[in-house]
């Protein structure tokens, strides 16, 4: 049989299971090539995988792979051959999230990027109310140094986002209907840096330029860091945000005490479900992250499945991967809670059932980016480093100069 | 009067220390909907959904297997650790053997993050075919438990009157016989304490469970999060709570049976002096 | 079956010398009683013989074999500990049967032997109790029982009867004597009880400060103590010592009287030793010396009369129970010269006749 | 300062009745000695008085105050434990000074008192040792020291001298008597030693199976025991019992002889009690009865001769130390009729004259 | 026990200590050797099987890494504080509640409950418990006081972790102390009562000294456990903003897995092992010297 190691519990499992079931039911799949699923914790998953692969584990044939870890695992994995349909189903930019040094290492079954979640009701009310607008202008003047007017979230720049966040903060504006304008995820965790880096990216940030020079010690990074610092210091996000990650941020938003937040697309399901988030489900909307001088950007990374170099059943595994990259499989994935980023032609077939996939595909195509070096062997370590240094700055333990200098130094070490 | 005060202190201590457990218990009976609207301890509309979510997916994620795995590895890790530590503790306490080297050496194993052994152990286990087996994990937990068991037992044996050993020597017992027939029964409270702590530690161990198992020998700590993981790194708090409660039951039951053994001085009537 | 001998055996705790170059040879089947003041090293000596205490110098032989470094098990002796050392987690029955069980005796035999011993020791009704549920004397009997059921070749008894009442003590003493006869085992027995020492011993060893002061048969020690220490230590109530010096007509008793005694040998006698039972109260005129009755202790069978005799100090006289003398009365003391002992200034005995 | 009285006090362990409805009144400053066979409840009684053992029925008064439920601390008594119960983590000095320290005496006074007591108990050189570094007798003396330094109003001594050598025991006995005189404290003293009981007691209480069999002055108990049990228990070696019935000329000794004794009262005498020291060996013809010498035990001061006298069994006669009789020889036994006791079938004493 | 009787018996004692030594040799011998090699090598996950010797570079790197010292300091402070708090509380509860527990061992079960949940899961639950919007603690604080503390903010995170750790592990100390307390022979307590000791005297002069070895053991174990704390801190605060709540274990874990700096991680562990061995050895030495002097 073919064993596949994946993440349990979430929508990823449901989708993979549906795909595997369909595959196993096919008459032309030999018994020895049937797929069996193994699951392993999200918590520590990459560390375990690291140990498994490095030690040459034969416990699984296929395993989960992510854009940011592809370089790290590539030495222990084998390039794969996709079906001919793959290009048409996913498009080049999505396929490239599973590539390393020009070779395809996996099938990009799920894609993650960011939405700006916001409270329609509050923003609408703000835009209708002149007194509020004046207050808004006053606040933006005071904190951002320029008078701003409320805008529709679709048109936000990061300054607008910051102004809105401040406006809806009781500490800044005692009349605010919510306690906080936004909720930031500032825990010392690599995923939080992925969310945040869309801010500097909108100001032109990148890890390194094409010549390989590290470019974090730049105005763009500085700007991005300062916006978060400003929001944190002025109480636009809970004091505890320094320990927040995905779940905490969602809970804060779902409590109705937050006006807007930047969050993974994966939160959409819960936050718009009346069952799970009764307070905000009906008044929450999503748009792409705000724009900056360089445009509008969202971090993307793909999750997919790749082939273990030490796999015991490589042929069978390759067969399954090939099928997994077919349109049939992609649609099964899409229909079963998965989040594949599909080309507009393909997504049309499931648009009714999964409207969010339309946005996902659209945003990925239009705004998606991967930092230079974001798939390298040390990409994870770079995120870890940034998480540590930047949270150090946000929490007031070190200056922005030190944070950037340390990051630059560390990255130079890691990416050399 | 004094008794009332004692009860009061007990109540406060029990409440404070168990607060997270109480929250977990209460959360496990809350629906997702209630969770986001009612942070209090009191459950407005209790539901068993979370428990059903744990027990009804056994074809997919078998909680019983995880519990059984945990039970097996914890038993191996505890019994073997005490079985190894007891003779050594005796040799250390009475024979003055390795008091300066072996004892601090083993105690130190507790201070070092054993995770650094993960890679070589992994390779060794692969070679020995112990990966993803209950025995393999049990052996590692033995190492984890050894230091504490040893310290507790050495401490307990040092407290026993040496005349007991001497009497047994005169009765013709070998050191091994003395150990098992005289010392072990007399330091039962210490043995039970090490067993309880060992079992709890083994039951709750996470990192090695994560590293050294994949499917067949997955322990409950690792298996637990299979249930409550939600998309994007979220947590289904209700299910998480239910799993935690279920996962804590076996050690609680074990404790209930064993605490009784801890009371009372075991040496009364042995010697005069 | 077991001869035991110590050759220049010594024991030190750090700098403290507890047993000093001690030589002792015990014949097979001999009953040796060790007596000596509290803390003189009796228990230590037993423990060295048992192998529980390392012999820091010298050697120890059992049956001619050097066992100085042998473990207790190899020495095959049984011991009754001064502190009992019962197994707190075992019932009396299991405490007593433990050694037999280790020796792999069949359960039936163990049961029989334990019950027989319990019968002898009057412990039958306590067999299922734990040590903590016993009285002091009962514990002590369990400790004895544990040693005797094993029928070893040698016994070491450390004050085994000290917590028993007089009646029981006599019974137990007889039982131990019987055991000695029937098993023919070598026995070393520490006691503070004069009667036990006198009645049980083939030989009494008197110790002081880790040294042997004298050894010999009970009679020998009682009648011809080698030195002042032994003279005073053996016999209860203890021997009276009257300071004396050679005088005109025999010995002059510090000016309080005199006694006709010829001294053979060179050393000048300095003390006359007379046991209370060898003194008698007579009329003030007719005694060897005189004094006033100071205390009179009724002891049932007899009365101890303490007489203050000037420079001779307080003299204890064993008088009949219904002695008529009153406190403050002046009495004469008559000394049985034939039974008294003489010691020189250094305390060594002088042959008198 | 301290009268102690028990009213129908009882103690049970589960179903086991250890002390049964016991009444005892102890006057202020009295010295009461409790004797009784091993396991009869002496320690339990002391522990009840101390407050260490709950009194399961009845009441206990100290100075007239009901203290049945009071804690040991409130009772202000000192106790010497049969098992010593020294503090293992304290030196001898601190063991002894602990009570004084609690009583907040200045350090200087504590030091002085402890050292004085250590002097008395011959423990001075051991003051800095820990209990486990002491011999049995030394530990026992520390236990005594701990009690006496505190000078409380009442003392409870549980076999305090059992592990001391004879000489030391006499010294300590005198010290305790002195302590009693100087402090005037009430003392309850458990012992198995006849001499201690006889010499120390104002009153002796004889217990058996948790009951008081007789109490009274030493003389009274020795001379007129109320029953067979007391008669045999008091006095060592113990009283001989000769089966008898009223005969033609006085009492018939089971056909082995007869003795002239008139019995007043109704009950028929069944046993004649005669202490060894009230018997003497005479020629076979002239004794009240006769038998053959079976065992002869040399005791230093005297010799115990055991005579097998047909149906009368083994009779212990206390003879002079240098008695000429040999084993197997036929001897006559002469009974001092005036000093013998008579008991009826049930064991109660009959007044004889 | 006296050194005495042992000489002829050392052999037997050796035999008794052998199993544990063998076990450790078998299961840690190979890993330890591999690790020692790693600690002086340039090694990553790709080169596990061909480490390149690099001398003491790893040690130098650890030694000069300020994060290592920060983590050590955190661990030390955290270990010391939690050990002290847990043992104080545990001691108090063990002694004060023992009259209740003696008769009802299920009370002990209730007090032991916090230990029964894996620290990683406890950390997870605290994410909920302390959450400003869905956590009960802030909820009640908001309801009754109108404001809540920021439990995991930069200033308070350390103390929150200390409290969390203390609440979870006090039962550990409690159980050890309860056992030791129960083991005190009643006769000694009785003797002290006869000496006029009130309960506080007894506690101070008799019970505590007799429990001292256990107190030392508990402090030692709890210090070590606090020092190497991992699961709950890691789950609750990551390694804290800017690594401020990184314990040494987290430091080593991150070096190992996140940075793939295996050599450095192992070198840090070796340093830790050597230092703590030296400390324990020293303590032991002092303790036995003291005992020797008391003789």
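A, B, C, D and E label the chains in the order they appear, each numbered from 1.
The criterion applied here is as follows: a contact is a pair of C-beta atoms (placed from the backbone, for glycine too) under 8 Å apart; a residue touches a chain by one contact, two chains touch by 3 or more.
Because the structure is predicted, anything quoted here is derived from the model rather than measured.
J.: Need the graph distance between chain A and chain C over the touch network, please.
T.: Shortest path length, in steps: 2.
J.: Identify the chains adjacent to both chain A and chain B in the sense defined at the top.
T.: Under the touch definition, chain A and chain B have E as mutual neighbours.
J.: Looking only at C-beta pair counts, which chain-chain interface has the most contacts?
T.: B-E
J.: I'd like the Å distance between the centres of chain B and chain C, where a centre is the mean of that chain's Cα atoms.
T.: So the centre of chain B lies 57 Å away from the centre of chain C.
J.: Could you give the separation in Å between the centres of chain B and chain E, each centre being the mean of its C-alpha atoms?
T.: Centre-to-centre distance between chain B and chain E: 15 Å.
J.: Which chain C residues reach two or more other chains?
T.: 13, 51-52, 71-72, 83, 133-134, 136
J.: Chain B: which residues touch two or more other chains?
T.: In chain B, residues 36, 118-119, 123, 166, 169, 174, 207, 235, 266-268, 272-273 touch at least two other chains, as defined above.
J.: Residues of chain A touching 2+ other chains?
T.: Touching at least two other chains: 43, 47, 51, 54-55, 247, 251, 254-255.
J.: Give every residue of chain D touching chain E within the complex, in rising order.
T.: 50-52, 71-73, 76-79, 81, 83, 85-89, 98-99, 102-103, 130, 133, 146-147, 150
J.: Inside the complex, what are the residues of chain B that reach chain C?
T.: Touch list, chain B to chain C: 161, 163-164, 166-174, 177, 181-182, 185-186, 188, 266-273.
J.: Along chain D, where are the residues that touch chain C in the complex?
T.: Counting only chain D, the residues touching chain C are 13, 35-39, 42-44, 82-83, 133-138, 141, 158-159, 162-170, 192-195, 198-199, 218-219, 222, 232-238, 275-277, 297-302, 318, 321.
J.: Considering only the defined contacts, which chain E positions touch chain D in the complex?
T.: It comes out as residues 185, 187-188, 190-198, 201, 205-206, 209-210, 212, 294-295.
J.: Inside the complex, what are the residues of chain A that reach chain B?
T.: Residues in contact with chain B: 5, 7-12, 17, 38-44, 47-48, 51-52, 54-57, 59-60, 112, 191, 245-247, 250-251, 254-255, 264-267, 269-270, 275-279.
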